[in-house]
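What follows is a set of structures for review.
Look at the two complexes coming up: chain A is in both, with chain B in one and chain C in the other.
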Partner chain A sequence: MPNLNVFADEHILSPAEQTWKHYSSQQIAMAALWALGLLFFLLVFAPFIAPHEPDLRQAHLLLQPPSWDDKGTVDYFLGTDDLGRDVLSRLLYGLQLTFGNALLISFIALIIGTTIGITAAISHGLLSSTLHHIMDTALSIPSLLLAIIFISVLGPGLDHSLLAILLASIPQFIRGVYLSVYQELQKEYIIALKLDGANNYRIIRYGVFPNIIETLVNLLTRAISSAIIDISALGFLGLGAQRPLSEWGTMLSGATDLVFIAPWTVVLPGLAILVTIFIVNIVGESLRQSIIAGID
Partner chain B sequence: MPEKIIDIATTTRVQPLLRVEKLGKTYINPTGFFKRQEVIAVNDISFSLNRAETLAIIGETGSGKSTLARLLAGVITPTTGNIYVDGCKLDASNTDLRCRSIRMVFQDPETSLNPRTSVGQILDAPLQLNTDMSVAKRAEKIAETLRLVGLLPEYATFYPPMLSSGQKQRIALARALILNPKIIIADDTLSTLDISLRSQMINLMLELQKTIGISYIVVTHNMGLVKHISDKMIVMHQGECIEQGCTEQLFSHPTAALCGQILSNQYNMKKQRG
Partner chain C sequence: MFFYIIRRINLLVITVTALTVIGFFLRSRVAGDLALEGNLFSNYFDYLMAIVQGDLGVTSGTGQPVLDEILIVFPATLELCFSAFILSIAVGVPIGTIAGMQRGSSLDSTIMGISLFIFSIPVFWLASLVMMYFALNWNWLPVTGRLNLLYEIDSVTGFMLIDTLISDNPHSQDAFYDALKHLLLPTIVLATVPTTEVIRQMRNHVSDVMKQKYIKAAASKGLSKTEIIMRHVLRNAIPNMIPHLGLQFSTVLTTAMVTEAVFSWPGIGRWLINSIYQQDHAAIQGGMLTVAIFVVTANVLTEILTVVINPIRRKELYAQS
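== the complex of A and B ==
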């Protein structure tokens, strides 16, 4: 018998493998992924890497410039602030407060929002139409404003601001997930799956889920970057993290008087916020593009 | 007791494979807060179908052909009427019987196959859900079904975007065939294919009918195809069945005036075009 197995040496890539192949062929995306990996490393090991305590005040080392300045020292690599605290250590701890909390909030919002969104899309009835009206109202208010309203009720503080941002970001997930699951459920391959005798769980898990990952990645990217902005904005306004916490927005607000004497105390936390959002967005957007590229 | 005698007579008579009684579907569209509009898409249709027969459903656009096909496949639930397979009534309580006996091939293979699941997974789902075969048995069955529709078993590892539309159509047919159904419903399945692929598919379907004895219900606008493959036909107009019967007889002697018009219109249109 002739060997009909012509495909034997050709490995068929699964969508996940195809996504990775597309992603890893983009240099900027890969650089951003490494940078994100570094951020995660710093996030977890910040207490071990930070050279000083974030709150350690040294009266003899006020406003020490960064190490590349003539008057700077390597011991205080990014200089010190007006209370003699090491800026590098504060930024590293701030990574946990700003980026870490933004990640935490976004993942919790993802889980809650996805659950509600999927439930609503399946039970298209009273639940979904009620939800629709509530969501429309909630989404017409910017999330930062919504967070400020929550805080005016709860009172300022890091915990309250996190709770407020969480509550403000859940509607985005519900809305996004609801819409894409609802659209997905109209597709013929879902009807075909139903005719195979699949129950709701199976339809969602095997029919819908693989096709909404792209939406989830997109929503998560946006949620993380807007959470970073909201946390630091509330910190800057004095409604979120309070001094002496080294949350990046709080660090900025404490340093605004020093713009001309010690610009590094303002520029560095600002840069940290900017770079983190930049990295998150590049990774998220490239990942989304690669997932889409996987199907054609 | 005359009724009882009739009852015994009907049950002892050979059952048709599929019997449809007074099937109807009314869509209710909310047009305002309290106003709603009723669309009678299918009204009071009855017919029966035997093993290895082909039934063609024809009619103008919007006459309710797809709705009827979807009712039979169980995509939508009828507002009135009943469907019996081998004398067994189909309803919500025995969906597995319906899954195993009536399967549907959708119009467009581009949208009826999930782009992110492999062909193997697509074909595995009905087996997993309706049989208790082992993993190895299922893989064997998938390979066998792929061969049946003229594809190599290696296609099980492919994903739909990698296939041509003719191959996708074959996969869709394989998904319908894999549970050894008695009836396959094809809603306009063939009209999206080009002529050579279409004739390939038709030959494949006719061959399967000869070897396995499957019955088909075919919705189509193509009168040549109706003449070629069908034994019986139903002519629909605005949700009603205006005529049904043997294909040859209807083509030569349509009784309803409207029916004759539809048949000759569509047949001539096809002749003019191709």
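== the complex of A and C ==
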């Protein structure tokens, strides 16, 4: 089909297109995005991809080395651990427990935190001041410590640790959203919107929201990576997911003494955590810069 | 200014009250510890009075007063935290300044890429690997604890480095080096994540300062690069770092709890986690209160310090009220 655009009118890119154009021009960011897509794929299809049951113990296959080792077999691609369980299957199921739960928690915290943050920013007086004080209180304690405090009340366990990390990460969102909405509301174009007769919903939806997406991306990135760290740290300390769950931190907690005879059981879960957080951070940070470039 | 400080202290009081409510809840689970006649409020009031007098209850594990045990383990944690904190500033500030001076250059993106990578390392994993290889396999450094059991050092301040120096033990010099060796690995592991944060913040602040007109003015006056950095860039960037450093310290303190568990460092983190395993409610309550109150107080102090040191922040406050 011939190019029918006879007139040389320039197509003006929308902010979303600008953002994508900026984002897709960065090779590392694109690679990280593909890797994130792969992680999502593995997350959803882990039960179908995993070659074995994660808890299946095979007494005759203890500490089988990975397939690239001379003694390894392809059936157990990443080897087996000290109870004869397939490391690859455990890592895949662990992806759901660690990364999946971290995503879930962060999105719930995003929704709750953004709602409360916006409400606080558009309200005045006592409500706003009370919220502000509560948030300052909760924020002054680091999330892992807050989670440990909750667990000391509730007792160890995966559910409790997830609840604790959720409760600990909501204040970060409220505070971040509150501050950036509050700053946007001071600007002149909001006054222009108000003079046009826009109600609160329209001011937030069309005036403020497009300008706080960058903040939301930043907060979400931080929340996901700290949720991964916190879930696995609590699992490692024995306060979160309990054995035999194949949460990555829990997998590490039993295995550190195996590092000399079976390094793969120690190195692989740690690498999985590292790589996941790294990918999330690269995508988040590049996306944030692209959004800034898209708005400008 | 006065109102600002009142507001911050108000915040401190509210937080501590909220924490004591949790503490009260935990403590009331310990059977026969608090007299549970009367209503909830008078019980809570009795509890507050007991805390103020330093009575945090008795651990169910060893039967010692909780406060005595905390006074032994908390200085160990603080020693570890301070050394990691100092290390992260000493490494992070210069690197962050270099990256910020040349923002957008390949050196800058290399530094930021590496620090993002290091930021992603789970600290308990790094701690286990480092301990296994450096200490166990290659025998370079001691594995666990704070001091070789050969040395008999009386605890005066609770800080091992100071105690070994002021001790009248004939081998106090050797003991000092031994304590230093024990401190080295946990410090490096603990300092990794905060260092990357310091680098990132420092780089942002330095590059913000570099955009200012007075830097251009200084350059056109003919000041050399070092003079500009020393006289203008650092002086304007470092006061902005103080609030971040305050927050970093609380992160270091929490990360230290995980690091301690790996290195068997006899600090409050390991102690608290063991108490959680044993469901020792009095100990959990005491440890939680101590750490949380310390963190909150440190934060409030940094915020006040920021305002006192930084005239620009002070100006903003005057404009507010």
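Assume the second predicted complex is superposed on the first by the 288 of 296 C-alpha atoms of A that agree within 3 Å, B and C clash if a C-alpha of one lies under 4 Å from a C-alpha of the other, contacts with A are read in each partner's own complex, and residues count from 1 in each chain.
As a working rule, a contact is a pair of C-beta atoms (placed from the backbone, for glycine too) under 8 Å apart; a residue touches a chain by one contact, two chains touch by 3 or more.
Treat the numbers as computed from the prediction; the structure is a model and nothing was measured.
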Three-chain arrangement built on chain A, chain B and chain C clash or fit: fit
Partner chain(s) touched by A:His60 [first = chain B, second = chain C, both, neither]: neither
Greater chain A contact set [chain C / chain B]: C
Which of chain B and chain C A:Ile277 touches, first, second, both or neither: second
Partner chain(s) touched by A:Leu252 [first = chain B, second = chain C, both, neither]: second
Touching partner for A:Glu285 - first (chain B), second (chain C), both, neither: second
Touching partner for A:Tyr189 - first (chain B), second (chain C), both, neither: first
Three-chain overlay, vertex chain A: chain B-chain C angle, C-alpha, nearest 10 degrees: 90
Which superposed partner A:Ser232 touches (first chain B, second chain C, both, neither): second
Which superposed partner A:Ser152 touches (first chain B, second chain C, both, neither): second
Smallest distance from any CA atom of chain C to any CA atom of chain B, in Å, after fitting: 5
On chain A, the residue positions that both chain B and chain C contact, one per complex: none
Chain B partner contacts - residues on chain A that touch it in the complex: 4-8, 12, 14-15, 187-189, 191-198, 202, 206-207, 210-211, 294-296
For the chain B and chain A complex, residues of the former touching the latter: 73-75, 95-96, 99, 103-104, 106-108, 111-118, 121, 125-126, 129-130, 152, 154, 157-159, 161-162, 175
Chain A residues within the chain C interface of the complex: 133, 136-137, 140-142, 144-145, 148-149, 151-153, 155-156, 225, 229, 232-233, 236-239, 249, 252, 256, 259-260, 266-267, 269-270, 273-275, 277-278, 281-282, 285
Chain C to chain A touching residues, read off their complex: 10-11, 14-15, 18, 22, 25-26, 116-117, 119-126, 128-129, 132-133, 137, 250-251, 253-255, 257-258, 261-262, 272-273, 275-277, 279, 284, 288, 291-292, 295-296, 299-300
